Amino acid sequence: MTTTPEIALAPSKGRHSLALAAGLVLVGLHVGIAILTLFWLPYDPAAMAGGRLEAPSWLHWVGTDRLGRDLFTQLMIGSRIALLVGTGAVAIGAVIGVTLGLLAAFASKWLDDALAATLDILIAFPTLLIAMLVVAASDTASLGSAIIALGVALSAIVARLTRILAKRVLVMDYITAARTSGTSWWGIVVLHVLPNIWPTLSVNFALQFGLAVIAEASLSYLGLGAPPPNASWGRLLQEAQGTVYTAPIGALAPGLALLSLVIGVNLTADGLRDTIDPTRRR
Amino acid sequence: MSEPLLDIENLTVRAGEATLVSKLSLRIERGERVGLIGESGSGKSLTALAATGLLPAGLTAEGSVLLSGQQVIGAPDRQLNGVRGTAAAIVFQEPLTALDPLMRVGRQIAEPLARRARRDGETLSRGRLRQAVLSLIDEVALPTPERTARAYPHELSGGQRQRVAIAMALACRPDLLIADEPTTALDVTTQAEILRLLDRLVRERDMALLFISHDLPVVANTVERVVVLQRGVAVEQGPTQTVFAEPGHEYTKSLLAAARAFDAALEGRA
Amino acid sequence: MVSFRCRRYHDRDHSRGTRTILAYTIRRTAILIVSLLIAATVLFVLLRLLPGDPANALVGVGATQEQIAAARAQVGSDQPLQVQFVTFLGNIARLDLGTSFVSRAPVLAEIGNRMSVTLPLTLFGFLLALIIAVPLGIIAAVRSERWYGAAISVVSQLGIAIPVFWVGILLVWVFAISLRWLPSGGFPLRGWSDWREAAIGMVLPAVTIGVVMGASLLRYVRAATLDVLGNDFLRTARALGSSFPEALLRHGVRNGAVPVVSILGIELASTFLGAVVIERVFSLPGLGSMLLLAIQQRDYPNVQGVLFVSTLLVLVIGFVADLLQRFIDPRLRSRGSVAP
């Protein structure tokens, strides 16, 4: 079983909250941009608004791509797509995973062992490769299929974690107390199990968010994602690779955007982890 | 008159703003048995750690601690390494975590044995070392020394592990044995056996003993002199019988009253 | 005065240890085989679920009915599903992964070829990751208050947030295109026979993987070191006269290695998947490019073959890591169950 090790950025509490604040700022920035794109964009993402591979200027803050399309607009759209991928994949993974994990925790020993073994096998699957296959095979709605494929992959890990956490909670004395006072199993789940496993799970979700975004970027980079104007950052990187010498900004900007979002989410997760469970040893 | 084994004078231990031990003075001569009693948080264990220079990071010690004539406070590890084990050895409270879980018990006993031999200028052949380990295991009343030596800590019970810890401490042939709540983590029957073992070993080897505990009856039967700690301050010192029969300080009185109330409940009195 | 109560102490059987290891290995191997079967089944189902008839891929668009029927017979998709499944399993057991639709070459042979690129890349990258992670992780733990200790922790945060292929692109930009020290990609046609060129072609990709994986692995080393430093048995050793470095070496290293070894299996599998993506950055003819091509060309046997071999590899790595863990940590040996 892997628990992500606690890696606080700094020992003192003051710097902890600084990390959390920085994380929230970064995430907020991307969320803000994503919402903005629903109403307004600086340029039409499909239009050739300038010359090819122009350097950053006042007109085009990050320059233009190899077809002359404004790069900053595409970055903004990338934010929206990345957030969609992250939340979508994690949500799917959470719903499926928590359900399966709880089932396993409550199941009889035999069934539970079988489920645990199955989960281990599923986790062993090379998810990125299978995601490649799934996405390629359903090339019409490639973003949707990517989200689903990644979500299913994440769900196995969530299920395993949920199972372990729930089992730990179920042997606690307060569960026995609740049972003897007449609470139904369903009530136990909602009132006791879920609230207790939620903190650890949510930190896990936050970290998986970053993984999902990076995985989708890898898929797009390999050419399995949608082309502009609905391009994700990975796709932008793929298009920029060939011209990295003449126009390095095209390869730097999408990567930095990705990095900023994932770091923001990770910092927030780490910051939350320490507020949620102050008894954790550094 | 030889110098005292352990000479603590005005020891103060701080953690940042908080003072955990305040101006503690304590002296232990060769062969003496002294008890350090107090509630949890009174600074008893910290005193033992400070005496050997093993305070965790973040805690500072002031004052003077002379262990076998060597000043401990402020001394570099290089100097303290030589004194640790030879002058004083510690048996800790929690035997499960105090032993290396990945190493067989025999090897863990052999390590301080070999080290002490080296310090004395002897070289122990492997056979002699093995014999010494086995006889130590036997001395702490563990069964089947051969088998026990090959066991891992998690294969032994709590009481057996504590005996191993005692054997390791004995292997150093220390002048002073510091027992930091050695029986607190054990059940009552095992407690009694470990205490009897400690008592016998200390007498047989003519070691000094610093026995740290919160459990008054346990201390009463084991040591000659007692120091009572309240929140890091020594509020009373004296021969065991005297302190227990006629306690001078309020705190000592309340400790004794609590212990007696418990005894009374056990015997069925109100 | 020896306590006669000694005799009642539970006399544990220590010879049980060796017997348990053997029994466990056998049981674990059985689980591995079952896992492989399940994996093969899932793959089978997955491929059949995808839209499109493999027979169409074989003959292309605009084929006549007879051609399609002939293709179906060849591929076997005219048989009922159960028969297909059994044939599939039988083939796998005989290591017959079929022949490519496109090149008509046996899949296994092609995979073997590609492995000669992907495997060394994975191993070099992983080795580099270890070389980076272990010392830096230890420093980050031991000197966490100093600036460089904290800096290392920050850098490792970057490591898990950064996409591996982006680092590859940047390294290509700096070292290949700007500085021209190393090639920007490619692998000699004759493979490792041109070993000098092959090795040079491996440098940048391996460094890319090594740096990113190293930053990721670093977290675990740091956590393990912190854990060890807080352990009581170090204190016991020092209390009995051991110097700090001596105690660390004798007791700390092995105890610290236990949680790290358990993660190594997963990280190695991760490295393997990362290598597959990296091959695209550096135009390496490895397993990754084979899969991509096969997917685009609807070359089902190739796709199936690569996916199966990859899963096999990951499962075997997990198997070895599990056994290694049991070997190192005697506490795990007495327990019978496999599931946590």
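By letter and in written order, the chains are A, B and C; residue numbering begins at 1 in each of them.
The rule is short, and it goes like this: a residue touches a chain if its C-beta (ideal position, glycine included) is under 8 Å from a C-beta of that chain, and two chains touch if they have at least 3 such contacts.
Since the model is a prediction, treat every value here as computed from it, not as a measurement.
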Central chain (by mean CA position): C
Longest centre-to-centre distance from chain A, chain (CA-based): B
CA centroid of chain B to CA centroid of chain C, Å: 49
Centre-to-centre distance between chain B and chain A (centres being mean Cα positions), rounded to whole Å: 52
Distance between the centres, which are taken as Cα means, of chain C and chain A, whole angstrom: 22
For chain C, residues that touch 2 or more chains besides their own: none
Overlap residues in chain B, where contacts from two or more other chains coincide: none
Residues of chain A that touch chain C when the two form their complex: 1-2, 4-11, 112-113, 116-118, 120-122, 124-130, 132-134, 136-138, 164, 210, 214, 217-218, 221-223, 234, 237, 240-241, 244-245, 248, 251-252, 255, 258-259, 262-263, 266-267, 281-282
Chain C - residues contacting chain A, complex: 31, 34-35, 38-39, 42, 46, 50-52, 144-145, 150, 153-154, 156-158, 160-166, 169-170, 172-173, 177-178, 219-220, 222-224, 226, 230, 262-263, 266, 269, 272-273, 276-277, 280-281, 291-292, 295-296, 303, 306-307, 310-311, 314-315, 318, 337-340
Complex interface listing, chain C residues touching chain B: 1-3, 5-7, 9-12, 14, 231-233, 235-244, 250-251, 254-255, 258, 328-331, 334
Chain B residues touching chain C - in the complex, by the definition given at the top: 52, 54, 77-78, 81-82, 84-86, 89-90, 92, 94, 97-103, 111-112, 115-116, 119, 141-144, 147, 150-152, 154-157, 159-160, 165, 168-169, 171-172, 193, 196-197, 200
